[in-house]
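Labels run A, B, C and D following the written order; every chain starts at residue 1.
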Amino acid sequence: MLANEFSVDAPNVTIKGEEMVSHYDYHTSHVVAGADGIKIVPETKKFEFKTNLHVPKTGVMLIGWGGNNGTTLTSGVYANTHNLVWDTKRGEVKANYHGSLTQCATTYLGQDEKGTTYVAPFKALLPMVNPNDLVIGGWDISKLNIYESARRAHVMEPAMLVQIKDELEKMHPLPAVFDINFVAPNQKDRADNVIPGTKWEQLETVRKQMRDFKEQNKLEKLIILWTANTERYCEVKEGVHMTPEQLLQGIKNNDPEISPSTIYATAAILEHIPYINGSPQNTFVPGLIQLAEREDVAIMGDDFKTGQTKFKSVMADFLISSGLKLTAVVSYNHLGNNDGLNLDFEKCFRSKQISKSSVIDDMVGYNPILYPEGAHPDHRALDEYDSDIFCGGKNIISVHNTCEDSLLAAPLMLDLIILMELFTRVELKDETMKDFHHMNAVYSVLSFLLKAPRTPTGTPVINSLFQQRACMENILRATRGLQPLNNMHLEWKMPVKHN
Amino acid sequence: MLANEFSVDAPNVTIKGEEMVSHYDYHTSHVVAGADGIKIVPETKKFEFKTNLHVPKTGVMLIGWGGNNGTTLTSGVYANTHNLVWDTKRGEVKANYHGSLTQCATTYLGQDEKGTTYVAPFKALLPMVNPNDLVIGGWDISKLNIYESARRAHVMEPAMLVQIKDELEKMHPLPAVFDINFVAPNQKDRADNVIPGTKWEQLETVRKQMRDFKEQNKLEKLIILWTANTERYCEVKEGVHMTPEQLLQGIKNNDPEISPSTIYATAAILEHIPYINGSPQNTFVPGLIQLAEREDVAIMGDDFKTGQTKFKSVMADFLISSGLKLTAVVSYNHLGNNDGLNLDFEKCFRSKQISKSSVIDDMVGYNPILYPEGAHPDHRALDEYDSDIFCGGKNIISVHNTCEDSLLAAPLMLDLIILMELFTRVELKDETMKDFHHMNAVYSVLSFLLKAPRTPTGTPVINSLFQQRACMENILRATRGLQPLNNMHLEWKMPVKHN
Amino acid sequence: MLANEFSVDAPNVTIKGEEMVSHYDYHTSHVVAGADGIKIVPETKKFEFKTNLHVPKTGVMLIGWGGNNGTTLTSGVYANTHNLVWDTKRGEVKANYHGSLTQCATTYLGQDEKGTTYVAPFKALLPMVNPNDLVIGGWDISKLNIYESARRAHVMEPAMLVQIKDELEKMHPLPAVFDINFVAPNQKDRADNVIPGTKWEQLETVRKQMRDFKEQNKLEKLIILWTANTERYCEVKEGVHMTPEQLLQGIKNNDPEISPSTIYATAAILEHIPYINGSPQNTFVPGLIQLAEREDVAIMGDDFKTGQTKFKSVMADFLISSGLKLTAVVSYNHLGNNDGLNLDFEKCFRSKQISKSSVIDDMVGYNPILYPEGAHPDHRALDEYDSDIFCGGKNIISVHNTCEDSLLAAPLMLDLIILMELFTRVELKDETMKDFHHMNAVYSVLSFLLKAPRTPTGTPVINSLFQQRACMENILRATRGLQPLNNMHLEWKMPVKHN
Amino acid sequence: MLANEFSVDAPNVTIKGEEMVSHYDYHTSHVVAGADGIKIVPETKKFEFKTNLHVPKTGVMLIGWGGNNGTTLTSGVYANTHNLVWDTKRGEVKANYHGSLTQCATTYLGQDEKGTTYVAPFKALLPMVNPNDLVIGGWDISKLNIYESARRAHVMEPAMLVQIKDELEKMHPLPAVFDINFVAPNQKDRADNVIPGTKWEQLETVRKQMRDFKEQNKLEKLIILWTANTERYCEVKEGVHMTPEQLLQGIKNNDPEISPSTIYATAAILEHIPYINGSPQNTFVPGLIQLAEREDVAIMGDDFKTGQTKFKSVMADFLISSGLKLTAVVSYNHLGNNDGLNLDFEKCFRSKQISKSSVIDDMVGYNPILYPEGAHPDHRALDEYDSDIFCGGKNIISVHNTCEDSLLAAPLMLDLIILMELFTRVELKDETMKDFHHMNAVYSVLSFLLKAPRTPTGTPVINSLFQQRACMENILRATRGLQPLNNMHLEWKMPVKHN
């Protein structure tokens, strides 16, 4: 049974005004490796969690607003806000948030005395922002309004977009930081909406844009999210990127290896606004991470964990935790849409390769009825998982995935915004600490949503998807005074009769 | 780092001789659904676990020993016992237990003060039977010795089998219960090794075979495992199957709806020997389950959870727990080997279908060089997972699996034997109980290993693979005084500096 | 270079008014198997072809007009007639005839003296009906107009259908022959538009409907095409189905084993209207074929050769003609849309099967946010081709096909109509014949378009797709005095310099 | 019915001693594009074919003998010669030539008066070399004997190889031309068997090796076949590669852009030995082709047409000739074995790419039981064919291919050797020629067997597999006085009764 909301009758939790404090026994253990072997020492630590229950008016500014992800997120939120319904050849479709952990996934609560099982939506674990209430804005290097960009993206049905055309047409991306040195040369053609000046001037402009957006929309909270095309890696250099001071000086010096994304992230930190990096680029140089820690501003990345990578981690987890020896994972990505531009870029660096497609060219050439123009492929991917099984056997699993990446990315971006906003309202302390503090500035608690999750310096990365989800779920439970889910269900395993 | 063994420094655990007792705080919660909504009430229950640490000399009797699974398990264990190495075109292969949870999967222990992460093999959690030490025997309706059966199975490499030919040739299956009424008609041809007499006489014979096997091999413990071809469902009838008394009387009456597998399982229970059902058939009629509970004998089933089903549960878990709306799973099985026999049987019940393969028949007919004889396909399967994603989008994942089912089944059968043996050495009690007791006779703790896991009457089935694994892992941890894994890693999330 | 039309400068071809006569040397050979081995005797036979060049005003009556194929064909033709353009999320789509051999495939003409290669559309080989000019009508057991049926089919985009809504809404299928004994029980619910009376009365009604349609639309030619749901096989009986007389008497006797499709086909033959069977059913009982031959009316079947079967024949051809030993083809069809109804029907005849889907049921059940209603899968198919290769090697080719069957079927149905109309304008004679005659009533020349192509009694079936295409192409070339394509291109293989 | 041999009763064929002469009417047509449109002019040309019926004692020298293809061909031929049988887990395997067009494919002969259809093996069309009689030798840059190389290749079963170990061990590759400048740097490690000296000295050595091999084995004919790793493209330069004279001078000048393969091919031409290039490299520079034409020596290439490319051409042919609009073919190759070495090489030229595999690395790292060493994948490939279908529909065909490339390559190499030997015994003349001549030195008649088939300068490439096969088949038929197969089967289409 679905409980859309629930209370917790926990003696260890107190609520005062908008503040909830939970006293929590954290059970863990450490290893002592000594002369007499490996010894595990269980321990119970006293923690306190303090959560602000007030859900602030929240906005998000997307870097790359006019791209596929940005327009899909924006039009999808508006479609939900207006409860849109549209016609497709498969029948009517209603706006929804499928693919969002917070909106559509559930968490186990327990059974009542009749044996009925209760679950709740993830979003019921603590008060969270409703995606329908998000104020959306952002930057793009192209002037195109969001309706035009959405049409160009070929992701959402025209029959839906036309219903919110008026609203989307009024949305104009802010001028953006642009550096041809960090992107594919052909991006230049799109770049008609850029911030002029030196890197330092750009930083100042971006900071002002953030402040203005917050003020104009009367926001209590703002989140910045990078969802533009992937930049090339910047070359991390001693003297430019290694400390907060170097970084700020580097920007002032207009150093060519300071990337646009690093400028946005620096601006956000200086404005005390959380920043999330949705691409696989090294925005977070060492000096920037230190700056975030020093300023106590939340940052997290890298790269949205949509379909294929998410799946890969599940598969590896499944096979290896079953005792199978996964010997190879071979991946292939056949990208559609704008990503193709960067692929062209990559080709410039490759040695010339003889195309095998010439084999079919003359057949195509023989049929000019069918072939006047070019084609446009969807996003598909193939992964193969090879495992060694019992005594020399082989198990081969081929997984073929067809999807539109932006439709997976958009709800995940919403989760990132909602959960980042939420976790910045949670503070904690252990027995050794006097005051409550935010978690470390690198919010690894969001690892579930990111391909290459960042962790605080010196701490390990957890890639298992189910462990990442358990981490988030159990911490949210802890804030409400609940121990972690242990799945033991001992009550169901008791002997029939006993004395 | 891998710790092949470890100790636990837990004040709540005491070891006396071969008995280990753990005092354990079991954290759970229940739901109260009242007028003022859903309320979760956390609670902590005091449990004690008593584990016998002595690993007994253990045997297993396989029903269907001469089948693909039985011969693969047997030859695989002997290959491991002798550390065999054999030549294949891919290179040398060494005997191993890949695919076995107990032998090849690991469990997380913790970190030491230097930050090194320690894991241990699952088998290190408690003392378990070494598969190399198992005494293997069983029944088959065919007289073929195990070497001949293994060759006929086309699973293990001849270059391996030839090295243990002498041992395998000496293994002769015991005569088996056979009822043509429960299997495909063509099985009759193989049935040259059957127990004569009425069902009651067959029951007595089987009980004696079990006692003899135990005695001849000086076993401390015996496990019975059904791995023969799937029987048709018996028609469960009032007056025959509903109570222990009815069941025994039904056997005495030679009732035609008492299946061979139910005779084996009844015999096992009467001999106080655990019984595991590896096929998807209704061996465990209500009277039999009650008999097991009354006699406090462990039973578990149904159907080995090899490749495809295991995978399906992971996929469903993954998609739905990500908030995606899985709308269809379409499965296709293209079975090889002996399973084909039952497929023929099934066909008898079908309406005649016009084969489309005739389309290629004449091409085949045009080329008598290539086509003198028949063909023999491997095991392959295709599943497709359709999900509705954001705002009307579609995600389609096609999974193609190629494997030899027996090579996945054999290590899983070993896990079932080893873990069933282990869990029958574990007793528990809660605050309301005076004495220690075994778990309920239906050992749902083994659900991870079975496709359609049984649970005690009135308790829900958990199908999530990761929850099933966590259940088993956390109960084993509890016997050693360790709290469940919570994946929270709070220590890695603390602010950099604090006061 | 594409030549949309071309002339042939052949001394052996004469055109008089609307009649073109070609004198043709047909090169063939026969085998003499004697005591001294196999001897091949080449021979050249003199043939004449007479082709009527007048393209008649042509109509088609579809049996099952309101089904997916019927509505797709109808709306597709109207979309082409009006040159429609519609918006989709991939961009604008223009109406086209992709998938039609006659409209979109090309044939090789030759090179000019500069070495330029010329090809022509297949439809340029002889004057053929333009699909835009077809008059479309037909029967359906449902009263739904064609617009409503097309929407219900979920095949064509709403954005296209809405543009021809007025025309489609005015199309109402004629009442149809309906016999619940030949279809799935659930079809009864749709059947609100049926012809009453005995089978003989139904035959008379259908004949009148055909005459009326021809007259009302001032047609010079009419073709009947079965595209309704597949009937069960009728049980062919001595005394009912074996001669034309038995067949007509059987209809008069209201014999229960005379199927609706046989009634339609009999009516067509009696009206001298060509009949094509697009389903895999035995409409063409022996007496009906003899009736067609006696009345010299063209018939052809069975079953539209869309995607998967077409492909299968190409694969078999490819593999075997390369000397590979194809050992197995395993096929799986996962049908969408209405075909499901018949699947349900089939299930009734099957023994009960234990669903494995229960494994995921409880996961689905755990998430009531996502799962209020049912799902509706597309058409997909998997085939696997196993071949034995050199010295014990294996080659496995898995082919996964995603498509909407009706979009493949509609252009193929148009080809059948157009080519059937064309070939009934072609007559031939060999040296032994005084007069020109139509081909045998069973028009095997259309084999390329049918899954289980019919051939005249006693003649072999050719399944190779490329041979089927060559047959049709070379016969059309022959009518214009052109020898077959031999692909030898000797002129390109001559030595550089010669004396 | 299979006819292993057959005679032809053709009045236009005469046999004198070992010479067969066929007078042949070649039917073709040309296009005249004029003011009044496109006109096709059919014509019949008189040709004569002269075929030497004596099958010579033939040898082949493989460049790259010790590689996967070379050792597979060699061991496979010996396995056939000795009629070997070996044991595998699937059962006994017998040596065979599956995959060879000449040995295993059939050709249609005709029907006898009873309607029995006769086919013959391709090898029965004309007397051809039996692969069992081939003398095999060659070069390799590694000293390893052929048994050791075959084991290292992981292609053939050890149980087969061990039976011919003595013979294979005695086979030692000749020292080979090696130029590190044309291959991957890591090939250097294998290169312990190379010809010293300048390029001209190498040319002389290779010519002597050819003469010696022919003499020592008393061969009447020798064929050279390149099957070594692919070289990089040489940079074709004016003054070095454009004429025979430049080429020979370039070798004398030790020009760095003269590749090893060009040295082998030049040597072969100068020795009047046919040369076949099985890799996708530009061995055949303009000067070399002119040299072959001047010396009237047969050459042909490039690249063996095994599995995937062959298939791709069939697919394109199938889709487009059905009137479907193939919009994209996306290919992925996941190569095993030695090809990996060149892939590494290729990587050197690419820009650095961030590996995504790190996602699963820590899971692997968590399980040291399973992961001590590296893995070795098979050869697999995925191709996807997207087509636009009727009115905006989409058809997607995914083809997944698993095979061992060498097992497909070896029989194809045998076909190339056998057919090249055969076609060099065929001469032809048309009406304008006084004497018989070989075909043009570039034997495009073998296009069926090569990925990027060469054609004589100025003539078009035919890529359709079925057209390539028809070309070869119809030319062989012509040499025996038979007209091409036309697939019309008019005799099966005649009306039932006629006057």
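Going forward, a residue touches a chain if its C-beta (ideal position, glycine included) is under 8 Å from a C-beta of that chain, and two chains touch if they have at least 3 such contacts.
Every value quoted in this text rests on a predicted model; they were computed, and no experiment measured them.
Enquirer: Could you check if the interface between copies chain A and chain B is built from the same residues on both sides, meaning over half shared, or from different ones?
Expert: same
Enquirer: Can you tell me which pair among B-D, A-B or A-D shares over half of its residue-numbered contact pairs with C-D?
Expert: Interface equivalent to C-D: A-B.
Enquirer: In angstrom, rounded to a whole number, how far apart do the mean CA points of chain B and chain C lie?
Expert: So the centroids are 51 Å from each other.
Enquirer: Just how far, in Å, is the C-alpha centre of chain B from the one of chain A?
Expert: Their C-alpha centroids are separated by 38 Å.
Enquirer: Would you give the residues of chain B that are in contact with at least 2 other chains, written as numbers and ranges?
Expert: If we look for residues of chain B contacting two or more partner chains, we find 88, 98, 103-105, 117, 155-157, 320, 323-325, 366-367, 370, 376, 388, 396, 398, 400, 402, 460, 462.
Enquirer: Tell me, which parts of chain C touch chain A in their complex?
Expert: Listed in rising order, the residues are 1-2, 87-91, 98, 103-106, 108, 117, 119, 121, 154-159, 366-370, 376, 400.
Enquirer: Would you mind writing out the residues of chain A in touch with chain D in their complex?
Expert: 233, 280, 309, 312-313, 316-317, 320, 323-332, 334, 346, 349-351, 354, 356-364, 366-367, 370-371, 375, 377, 380, 382, 384, 386, 388, 396, 398, 400, 402, 451-452, 460-464
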